[in-house]
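Same chain, two partners: chain A is paired with chain B first, then with chain C.
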Partner chain A sequence: MANILLNVLIAFLMGSILFGLQRKIMARIQMRPGPPVIQHLLHTFKFFVKESSFPKTAAMPFYIAITAMLCVIWVSAVIVGPVTQGSLLLIFAIYALHKIVEHNAGSSSGSPYGKLSCVRAVFSAAAEVPLFAVLIIIYFKTGTMDLSQIIGFQTTNGPLIYSIPLAAAMFFVLILSKAPYSPFAITKGKDIISGYETEHFGLLRGYLMISESIAWYMLLWVFLTVFIGGLNPLMYLVGMVILSTVVAFINATTPILNPNHSIMMQASLALIGVVGSLILLL
Partner chain B sequence: MDITILGQQLLGYIPLGDIVLYLAPLNLFMFASTLAFTTIIAISKTETQVEAGFGTLKDREVKVDKSEFKIRRFLAIVCGLATAGAMITGDLFNFTLFVCLIGIVNIGIVAAVKQVDVLDAAFQYGLVAMIATLPLFGGAAMILASTGTISLLEIVDLPTTFMMVFGSLLLFIGVAGETGVAPFYATKAEMFRTPGSPFLLIIHLSSLLVIVRVIEILLIINKPF
Partner chain C sequence: MSETIYLLYILSFVLGSILGLVMSYKKYKAPYAIGNVDILALISAVVGWFMVLNSILIPFIAPYITITIGVFLLALVLGMRPGYGRNETFIGIIIAGMIWIIRTVIL
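On to the complex of A and B.
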């Protein structure tokens, strides 16, 4: 139990600070001073002490339950990942549930902005789920979907990033899609205010932000674990900082894409990733 | 019991005649998640969708009326139970039956709506789902013909043959059509414009979780080693 709590706390703190770092780097590239690195963390805490209000148009209790569900599924991801090193397929299922919650957090409020974000989330699932499915290539290479066995395989045969680089690149595109201000972040485009979070205030927003931080940490953790291997905590930290920095550079220099272009680009990259990786394996 | 599937230790199975329930961590997680979401759907009200009124400064409210609410909630619960069944069945034929039921109730959930664009999308999805029935059952039948069994616990130990690969391909096309995932998602996304958030959740939930399950099943049937 203590191990779970410790890992969840690390995931939340690291995810929040990496988000803050990303905003800072983006700001410096754009010649702005930018917020402090701990801004995202402070923002999350702030929402826990602010007044919570619920729109009278919301679908109750679904509107509240959906934020709790998001938190629960990402805490489950921490248990499956860093704590027990369970099945990669289980993390895939958790990611699928994340897409469902993202979609319904938007539609449950009755807001037109949330609704647009919801429809975009449905579209984006068509591209992001195939990108996540690129991890199946790992099964063809290693013969297992168990994280501890995948780490063991890499200890003997070297990091998978060298043998299946296209799969790693595709997974990186998925990580990029989940970053705020990314060219693929269509569910939270500024044209729809804050997307699915627009009508979530106070405590509920706090839960959404905690979940986002844990989700960011987990995606980076999965990337480093399945493509580079079991690292010590310091190397995980270095790896996560490098990945977040690369993402910040891309986000700072590219505009958000039109939803159709975003989906087509992601779907095309997923296709190239799957076909290319299978050819490389033959 | 010492059966390992895709690196997961099988925790047990419950034989109920020809329905064999299959208990592995992935399947139990997806089963429990589906039941949790179905319970929330069963006890939730629907949202009121607020839209800008045309030619006026007032807002327009789109609500789900009571009779529509009742039938959509019933179908959403049926869809949730069918999805839960598809998550833990250890029998390929039962899986295809659950997926087929999910396709039918997904159309039903949206067919009760009184919006022309949404009904058009549901009609097109219905056509795709009906056409997909043939490869869905054809794929399962081909796997049965080439292996002599539809039990996943038996198939996991059998070497992969060309007909099993061909059957798997048909099965995947069938599931993609029935659940309306890519490349059929553009049609299905239009269905989500209607109010009734809790009911729309189950349409999305069933599609994505069935895709995760079918990937597991395809990896069980097609062993690259």
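On to the complex of A and C.
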């Protein structure tokens, strides 16, 4: 239990700091001073002392329960990942659930912005879930979906990023699509205010932000573990900072794509990733 | 055990950043400083980065304590309000980095 709490706390704090770092780097590229690195973390804490109000159009109690569900699924991801090093299939299931929760969070508020984000969440799932399914290539390569065995495989055969680079690139595109301000972040595009979070205030927004920070940490953790191998905490930190910096550069220099273009580009990249990786494996 | 220590470093970073932010907002009223160097911030950055990168040079204190204090000191400067603490951080990294290179590569 203590190990779970420890890892969840690390995931939340690290995820928040990495989001802050990302915003800072983006700002410097755009010739702005930018917010402090801990801005995202302070933002999260702020929502816990703000008044929580509930829209009249909200579908109760679903509107409240959805925020807890998002928290629970990403805490589960921490348990499956860093704590127990369980199955990659469970992480895939958690990601699929995340897309469903995104969809329901948008629809439960009754806001038109939330509803549009809800539609986009379903739309984007059509591309993001196939991108995550690129991980099946790992099964063909290693013969297992168990994280501890994948780490063991890489200890003897070297990092998977060298043998299946296209699968790593596809997973990176998935990570990119979950970053705020990314070209693929259509569920939270500024044209729909804050997307599915628009009508979640106070405490509920705080829970959503905690979940997002944990989700960001977990996606980076999965990438590093699956494609580089088991690292010590310092190397995980270095790897996460590098990945977040690369994502920040892409986000700072690329506008958000139209939803149709975003999905088509992701789906095309997923197709190239799967077919290309299978050819490389033959 | 190692994860507990890393949580300690992260908490130290967060606390240092918050304190640095609050103190710099009290100290500076102008929204952006160009070219000025705050001596106290400079000392904090140099000592902080030195303690993090060269904790082995302080043998009478356990490394994780040295690093925790170092992370707190560097975060005080790194977390200052936007537009402040940049130059001090760079000077701190350069000095501590040079000592690290001398210690590990040259000697």
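Here is the rule we use: the second predicted complex is superposed on the first by the 282 of 282 C-alpha atoms of A that agree within 3 Å, B and C clash if a C-alpha of one lies under 4 Å from a C-alpha of the other, contacts with A are read in each partner's own complex, and residues count from 1 in each chain.
By our rule, a residue touches a chain if its C-beta (ideal position, glycine included) is under 8 Å from a C-beta of that chain, and two chains touch if they have at least 3 such contacts.
Everything numeric here is computed off the predicted structure, so don't read it as measured data.
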Under the superposition described at the top, does placing chain B and chain C together on chain A give a clash or a fit? fit
Taking the superposition on A as described, I'd like to know which of chain B and chain C A:79 touches: first, second, both or neither. neither
Partner chain(s) touched by A:250 [first = chain B, second = chain C, both, neither]: neither
Determine, under the contact definition given at the top, whether A:122 touches first (chain B), second (chain C), both, or neither. first
After lining up the shared chain so the two structures overlap, which partner does A:37 touch, if you call chain B first and chain C second: first, second, both or neither? second
Just chain B (first), just chain C (second), both, or neither: which does A:89 touch? first
What is the value, to the nearest 10 degrees, of the angle subtended at the Cα centroid of chain A by the Cα centroids of chain B and chain C? 160
After superposition on the shared chain, which partner residues are touched by A:71: those of chain B (first), chain C (second), both, or neither? neither
Mind working out whether A:232 is in touch with chain B, chain C, both or neither, as first, second, both or neither? second
Quick one: name whichever of chain B and chain C touches more residues of chain A. B
Please work out how little space separates the C-alpha atoms of chain B and chain C at their nearest point after superposition, in whole Å. 26
Touching both chain B and chain C, residues of chain A: none
Which chain A residues qualify as touching chain C in the complex? 3, 6-7, 9-10, 13-14, 17, 33-38, 41-42, 232-234, 237
What part of chain C is in contact with chain A in the complex they form? 2-4, 6-7, 10-11, 13-14, 17-18, 21, 32, 78-83
In the complex, the residues of chain B that touch chain A are 6-8, 25-26, 29-30, 33, 36-37, 40-41, 43-52, 61, 181-182, 185-186, 188-189, 192-193, 195, 197-198, 200-201, 204-205, 208-209, 211-212, 215-216, 219, 224-225
In the complex, go through chain A and note every residue touching chain B. 56-63, 65-66, 69, 73, 76, 86-87, 89-90, 92-94, 96-97, 99-100, 103-104, 107-112, 115, 118-119, 122-123, 125-127, 129-130, 133, 136, 139-140, 143-146, 149, 267
